[in-house]
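Per-chain residue numbering starts at 1, and chain names A, B, C and D are given in the order in which the chains are listed.
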Amino acid sequence: MKKYLVEFIGTFFLIFTIGCTVISPGAGAMAPLAIGASLMVMIFAGGHVSGGHFNPAVSLAARIRGKLSGADLIPYWLAQFAAAAVAAWAMHFIKLPNAAVPFAIGWKAALLAEFLFTFALAWVVLNTATAKGTAGNSFYGLAIGMTVMTGAYAVGGVSGGAFNPAVAVGAILMGLQTWDNLWVFLVGNLGGGAVAALTYKLVNGDE
Amino acid sequence: MKKYLVEFIGTFFLIFTIGCTVISPGAGAMAPLAIGASLMVMIFAGGHVSGGHFNPAVSLAARIRGKLSGADLIPYWLAQFAAAAVAAWAMHFIKLPNAAVPFAIGWKAALLAEFLFTFALAWVVLNTATAKGTAGNSFYGLAIGMTVMTGAYAVGGVSGGAFNPAVAVGAILMGLQTWDNLWVFLVGNLGGGAVAALTYKLVNGDE
Amino acid sequence: MKKYLVEFIGTFFLIFTIGCTVISPGAGAMAPLAIGASLMVMIFAGGHVSGGHFNPAVSLAARIRGKLSGADLIPYWLAQFAAAAVAAWAMHFIKLPNAAVPFAIGWKAALLAEFLFTFALAWVVLNTATAKGTAGNSFYGLAIGMTVMTGAYAVGGVSGGAFNPAVAVGAILMGLQTWDNLWVFLVGNLGGGAVAALTYKLVNGDE
Amino acid sequence: MKKYLVEFIGTFFLIFTIGCTVISPGAGAMAPLAIGASLMVMIFAGGHVSGGHFNPAVSLAARIRGKLSGADLIPYWLAQFAAAAVAAWAMHFIKLPNAAVPFAIGWKAALLAEFLFTFALAWVVLNTATAKGTAGNSFYGLAIGMTVMTGAYAVGGVSGGAFNPAVAVGAILMGLQTWDNLWVFLVGNLGGGAVAALTYKLVNGDE
């Protein structure tokens, strides 16, 4: 239960920060820095308890790589999606919900963008937080959080920059995205996470 | 006495940086980065002596978690509030005091914002600077400082982004906030710190 | 083969991020932060497998310093240039290719700028990732990535800020630079990397 | 000799970055980030050889604290001021010298600003790079570099934000400051460094 609570807390602050910095009046050009930093600090705070996924695609990658038990995958996902719902609900006390504008995407470019940067995110997670070659390092949260920041600056204008199905659901609940585009994120993010896990195993073997 | 001096120095530079970067002409959109960095560097410099709280709400959380003695709590608070007063006084030599404009808040949204991000701040402090699972890490200052940066970008436009009663008092003394709003910060910040400490103990147990 | 794959992945994300953040609509004034961060995260993720060069000039410096075998130099270069080509190709799915505008340079200032910051980059790489005196540190990726960010802010307006022949080729393929200027980058970057390696050996001796 | 060469390299890149990012067309609001990062990366690269001062006021503080021999102080200062001269000379190849505009200061506010943030800088250096309580950390370069960034955002508009006599001389040689204001930086910076060293010894004792 403690792990699920930590996943809930971290995912809540990630998605709450996204809503606060993206919905006008937000943080403008600094939003990706704040969003990446929110993930970084929650990973540094919660990683030692739950692994600090805060992202169903990362949990899937950790499962494939063998660092999350089969019994934990669904509870992790539930905690992450529940955090998205509560973060969207908390936004009503902070910002006017009608200030949010759904972000229009072209599905081909958005699917590629979401796939590539979720691959990068899961690749960084597995190599900095689960690999023997980097054991004991103090940079895993910085590396993982700044991967999301980089992706948001790079392709935020293409797909919105979720790289995370719970973020996609949170964005929909906050009025920043629409349900009919959800599949782009589910396919792109879970696909990117799975391919990253397979690539990790190819490169690092069964440690 | 050495601990109290270090708390004074760190809190002074945090609040002095806030005044310099927020009061016009300030650092504009980069103010939250500078403010978070000022906290980060003072924690990295002073944490090994005093714990690097620089915040009465963090000292309360450390007391509840058992990492600050009962005899130290009031002296820590006095050092922190004294630093706020001296920082406000030093601002008179740097900027015209009438350049500061009090920040208007709606108390419900501001209270929620201050509670949530002070919770996040104390949660990150306790997990990165006092937990067994992260002992010996080199990231605690980065994590803690960037939590304040994230909060300032996320809800700076809602509450002003103090997350710290000494910052609130310093802001009032510099003309950035008014005394009648002080209760929002006292309740939100001390409440957020206390709930974070209880959550920490629930998750990590009595180490 | 695993090392070459890791070099391909890291160089791909570096150059893909450059294209996405520089070609309009991009990340504006935050592009150098995103670019430096993309290098940082890929080094933290891949350094333990391949050394995390992602740059032919760095591979040359590592070869001169004795940390890359002679048999690996050409395959590393091939993987890096192949990543540039694939990144440029992937950009066609993300942005309109005709949105890119070649960056005009004056060759004297550009050559000096590219030489100096590639020297700085290779100097930082060798000292933070291969020196005895910094063995076991957790900052090498941060130091190396932020060197590129610094150079991009400092001389991006002079040379475009490549500091990397694979980046130069990627920029040409994406329409951001022209083939007739390639020699400036080849000479400046490989020269800067080689001089940094010789300076490193002068300072640190044969460890 | 190796230590002096490393001090020359690091101070050169710090001051060269200042000139490139401050003289128009420069890095605008991101200049302090780039400047702080240039110091950070040079400290991470050169600290293990020379201590990574790159600043006469820091060398003075290290001397008072007992971490620099008396025979090294003057050669360190010479290397640092020589780097300022060479950096200013290199700027002629990069930017038009007449693009630089001297920064006007009020001496009282500038003296206080330079004193306070040089105190902060030397305080962070001594505590993160020479204290027993933080031995073996991986954050010293980040902490020191970001102190300069914070100071530049906080009081760059008051004093120009040197916190370093070699930077002040470099700024004068590049046309960003005038000789008649040099005393403000000499007094404020050397005074701030000396007071920080005495405060450090008061707090940490003779380790």
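General remarks:
Just so we're on the same page, contacts are C-beta pairs under 8 Å (C-beta built on N, C-alpha and C of every residue); 3 or more make two chains touch, one makes a residue touch a chain.
In this text the structure is predicted, and so the values were computed from the model without any measurement.
Distances between chain centres, each the mean of the C-alpha atoms, put B farthest from subunit C.
Homomeric contact subunit C/subunit D: same residue numbering on both sides for under half of the interface positions. Averaged C-alpha coordinates put the centre of subunit A at 39 Å from the centre of subunit D.
In terms of their C-alpha centroids, the spacing between subunit A and subunit B amounts to 27 Å.
Residues of subunit A found to touch two or more other chains are 29-30, 33, 138-139, 142. Interface of subunit A with subunit C (complex): residues 29-30, 32-33, 108-109, 112-113, 116, 120, 123-124, 127-128, 131, 133-134, 137-140, 142-144, 146-147, 149-150, 153-155, 157-158, 199, 202-204.
Residues 2, 5-6, 9, 13, 16-17, 20-21, 25-31, 33-34, 37-38, 40-42, 44-46, 48-49, 90, 93-95, 138-139, 141-142 of subunit A are the ones touching subunit B in the complex.
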